[in-house]
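In the two complexes that follow, chain A is the common piece, with chain B as its partner first and chain C second.
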Partner chain A sequence: MTTTHTTTGTLLAAGALTKRFGPLTAVDHVDLALGRGVVGLLGPNGAGKTTLLRILATVLAPDEGSLSLLGMDPARPSSRTEIRRHLGYLPQSPSLYAGFTPLEMVDYVAILKEHTDRDWRRREARNVLEAVGLGDRMHKRIRTLSGGMKQRVALAAALIGSPDLLVLDEPATGLDPEQRIALRSVLAETADRGCVVLSTHNTAEVAALCQHVLVMDRGRICWSGTPTDLAAEAEGRVWESDAEEPTALRSWLTGPGRRRHVGALPAGTTPAVPTVDDGYLLVTRLSR
Partner chain B sequence: MNAVLAQALGPTARATSWRPAAAAAGVLVLAALLTGWSDRPADTVLALAAAGLAAVVVSGLHDPAAALLAPVPVSPMQRRLLRLGLLGVPALLVWWLLTALTTTVGSSGPAPLVALTACGVAVTVWAPPKRAVLVGASTPVVLFALQALPTSGLVSDALVWWRTDPWWVLCAAVVACVAGRQR
Partner chain C sequence: MTQTWHADEETLRAWADGTAAPVPAASLEAHLLRCDECRRRMATLAPSSTGSDVVRRWDALADRIDRPRSNPLLRLGLGTPGLRTAWLAAVLLMLALPALAATTGVRVPLMMAFAPVAPLAAVALAYGRDAEPAGEIALAAPTAGLRVVAVRALLVALSAVPLGVGGALLAGLPTHVAFGWLLPGAAMAAVVVLTGTTRLDPALVAACVGSVWAVGVSWPAASRRVPADVVSDLVASAPIQLTALVVALGATALTLARRDTVAYRRTA
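Coming up: the complex of A and B.
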């Protein structure tokens, strides 16, 4: 069982959450307790991250287990609707209406989030588009925007209405470094008042963005803690050399002829300073 | 909720793909005109029109932004109904235009069109999400094509229920839709 507490006040609680697709168990008895803050979900492809996020976003119902979002049970239709009024969701590779402008797209999502005050909605749509750096593109057709800009339109749509629970599936995909930094600011603001759960493959992103990290593998949460804790997992278990190390759990090239290894440190070897990458690689390997 | 749906009507209409509907309507009107000029009964043309228009209406349920909109408070069923309303009204107008342009031996009411549309929607609701609209939109065309199968007995009767007993088919499809309203 893995329980993760961020700051005070649980906004999201899951017990033995399980989701199966035929013979495949995509999410396998996951336990969570999350409060305010940004929580990063790390894991290899096929680990079950997207399925878990879809469950947390009320898009998918779990087969087993309990789930409470913002203190409500999403299995009850009336509660689910109420949760959705306070929820923002960015799916993986979201599609948008190509003929809409970003302002129209975000405004449409706001309507479907039951914001019926037209003036408030337009003002809020402008604000979130400014926040994601699309202030100067909000009247262009979406079909004319780059992939990164479309991603930011979808992010703006997720942010509309200041959600208390924000579920983001690989939000940094397609963003350049400058946009990634802007994303951090936006998410930090949301995390001040609510819970942000995001998945990513980028460990640097996790270190910069998240107060907490969950490492997922084969449907299970195999590790949880802070990014610093994750790096510390590899303390004394990471080293560099010019040769292959048969005793290492994982080895990879870091430069011409230079290799980095995680695993049991060979005698007489000086350990390297561990990173979040090292910790993640070690944890996912040890979980298997 | 009514205010939400009323405000969503305009953008939903803009987000809906109208070209397939316009193309199908054009072809069917042309077919009806040709049948009318030849002074032949248009029952087959109207049956084809019911299947074609129903397929077009159901295909309008395809929403490119469905993944992004999945967790909004306005449920998928409410959004489907909005799109069905938007596409269904013009489909009925086209139907009445077709019946005005042709002469038929049997009934020329829109019941078969409504029944086939409801069948398509029910299949869309229950089919696996990734191909739901494709499967649902194919349903009216498949039901139309199945009439031609050399069957007998109950199967033969059942394959034309959408023409002979459309309101019962509609009822069954509506029950299936209501049962799947949370999907």
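Coming up: the complex of A and C.
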């Protein structure tokens, strides 16, 4: 499946991207064409999201397929280094040195990104830490911070140097709703000039953060569109009742004794207003 | 940071208002530079009228606190206790070995047996998973791979090697002993760097190569079969030195040819 939602050229293009771990095909012939904006990779645990993101972050080499990041081929060492100069990456479980303060950690990552000007690093490190809401914790040791704060330190490290390509593995984990809204404005800034790819298994996050959604299941991209489109997939195919329904593809409890179903609407039933959740559950079931 | 005292409310407020006398103000600023607690309290009082002299001084203070203290090379190479320990261990070993070799009457050729192990241990530590404070974030950075490893290994080598050679000469060891360990050390370190481009664990290879060398060089002398001097002379002899040079150059060339594998993983 090819995804095109760009108005200004392709920043990230993949053709039949495949990665296997022994008998498991974690990423199975994925095609992508992404331009500016925030793209959400939505899928159940084990769908291959993290493996795909690690390939896009130039950390892992694909077994097969073509990949172009910011117009360059990451398989060539010199282009890979150049890509990395314009790349921000938040790994799934970032390892942060606990003895550093957030400011020291971000400064260290800036050094890894070849920023040698001390004043620039200080200014930028403060800016990105303020942007993720850690302005008042810059001088605390990382070991004293909560899980959500550590996540935001790693996010700040990914943002330093205003990268054109941001690869974020579950950036909203550990954030409260208010911080998630703040994250949206941070990502929007990058999305104005570059491409943000983030993963999540939370449909509410996708709706809140992304302009475009890719649903991933069993290593494949099985659906692509806007969050509104995803909800619309379940239009006329979602309903609620008090009983089990034979025509339902999926049913789940929504309250005491109340069930919600997606699938073929039984005759005479009034459809419910579809949500992104409904659409997601429907397309992942239809893809199997 | 531990502080034995904290500024009282009145002092902080006077400084924030701009009414503090110059000497107490300077004293408080010096304290604020070191004390998180008082800075936090000051921030709640922080002057709101923009453009005032106090705001300017508060910003200047914040700038000084936030300015990174050491240069990038040192942050990269010695930024964490693990890296500093590796560096310190190598330096101490290089200080202690010549002295021990010269003063103690042991039969083992100490310098030849143990000095070459220092560089490869330093390299192994530089590769170590714990040596990288940023984990996978570092892999996605332009400096990833051999560059960072090389910076770390060179920082250790540049400080330890002159100490080892100089110490040995000062301690009165023969010139060929003082210099003779360098090429074997470089050869073994290069082999460990090379294993970093394979799936082998550099730390394991370093431990194996290092112990085999140390035991192999010490054993003939320790078992009284050959005097220590003869072993030292043998290590310093042209054939062994040449072999070490060839191994060092060959391993380095192979590493450079395979440098991508350090930073671009084919496995998980």
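Everything below uses one rule, namely that the second predicted complex is superposed on the first by the 285 of 288 C-alpha atoms of A that agree within 3 Å, B and C clash if a C-alpha of one lies under 4 Å from a C-alpha of the other, contacts with A are read in each partner's own complex, and residues count from 1 in each chain.
The working rule: a residue touches a chain if its C-beta (ideal position, glycine included) is under 8 Å from a C-beta of that chain, and two chains touch if they have at least 3 such contacts.
Keep in mind the model is a prediction, meaning the values are calculated, not measured.
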(message) Under the superposition described at the top, does placing chain B and chain C together on chain A give a clash or a fit?
(response) clash
(message) On the A-aligned overlay, A:G15 touches which partner chain: chain B = first, chain C = second, or both, or neither?
(response) neither
(message) With both complexes overlaid on chain A, does A:A57 touch chain B (first), chain C (second), both or neither?
(response) both
(request) Figure out whether A:A125 sits in contact with chain B (first) or chain C (second), or with both, or with neither. (result) second
(message) Counting residues of chain A touched by each partner, does chain B or chain C come out ahead?
(response) C
(request) Give one of first, second, both or neither to describe whether A:A157 is in contact with chain B, with chain C, with both, or with none. (result) both
(message) So in the superposed three-chain picture, is A:G65 touching just chain B, just chain C, both, or none of them (first/second/both/neither)?
(response) neither
(message) Given 24-32, 150-158 or 168-176, which part of chain B has C-alpha atoms clashing with chain C after the fit on chain A?
(response) 168-176
(request) Across the two complexes, find the residues of chain A that touch chain B and also touch chain C. (result) 57-59, 77, 81-82, 84-85, 87, 89-91, 94-97, 99-100, 104-105, 107-109, 111-114, 116, 118, 154, 157-158
(message) Quick check on the complex: what are the chain B residues that touch chain A?
(response) 1, 3-4, 7-8, 11, 14-15, 64-75, 79, 182
(request) Flag every residue of chain A that touches chain B in the complex, lowest number first. (result) 57-59, 77, 81-82, 84-85, 87, 89-91, 94-100, 104-105, 107-109, 111-114, 116, 118, 154, 157-158
(request) Enumerate the contact residues on chain C facing chain A in the complex. (result) 36, 39-40, 43, 63, 65-68, 72, 75-76, 79-81, 133-144, 148, 259-260, 263-266, 268
(message) Per the contact definition, I'd like the list of chain A residues that touch chain C in the complex.
(response) 21, 54, 57-61, 74, 77, 80-82, 84-85, 87, 89-91, 94-97, 99-100, 103-105, 107-109, 111-114, 116, 118-119, 121-122, 125-126, 136, 138-140, 154, 157-158, 167
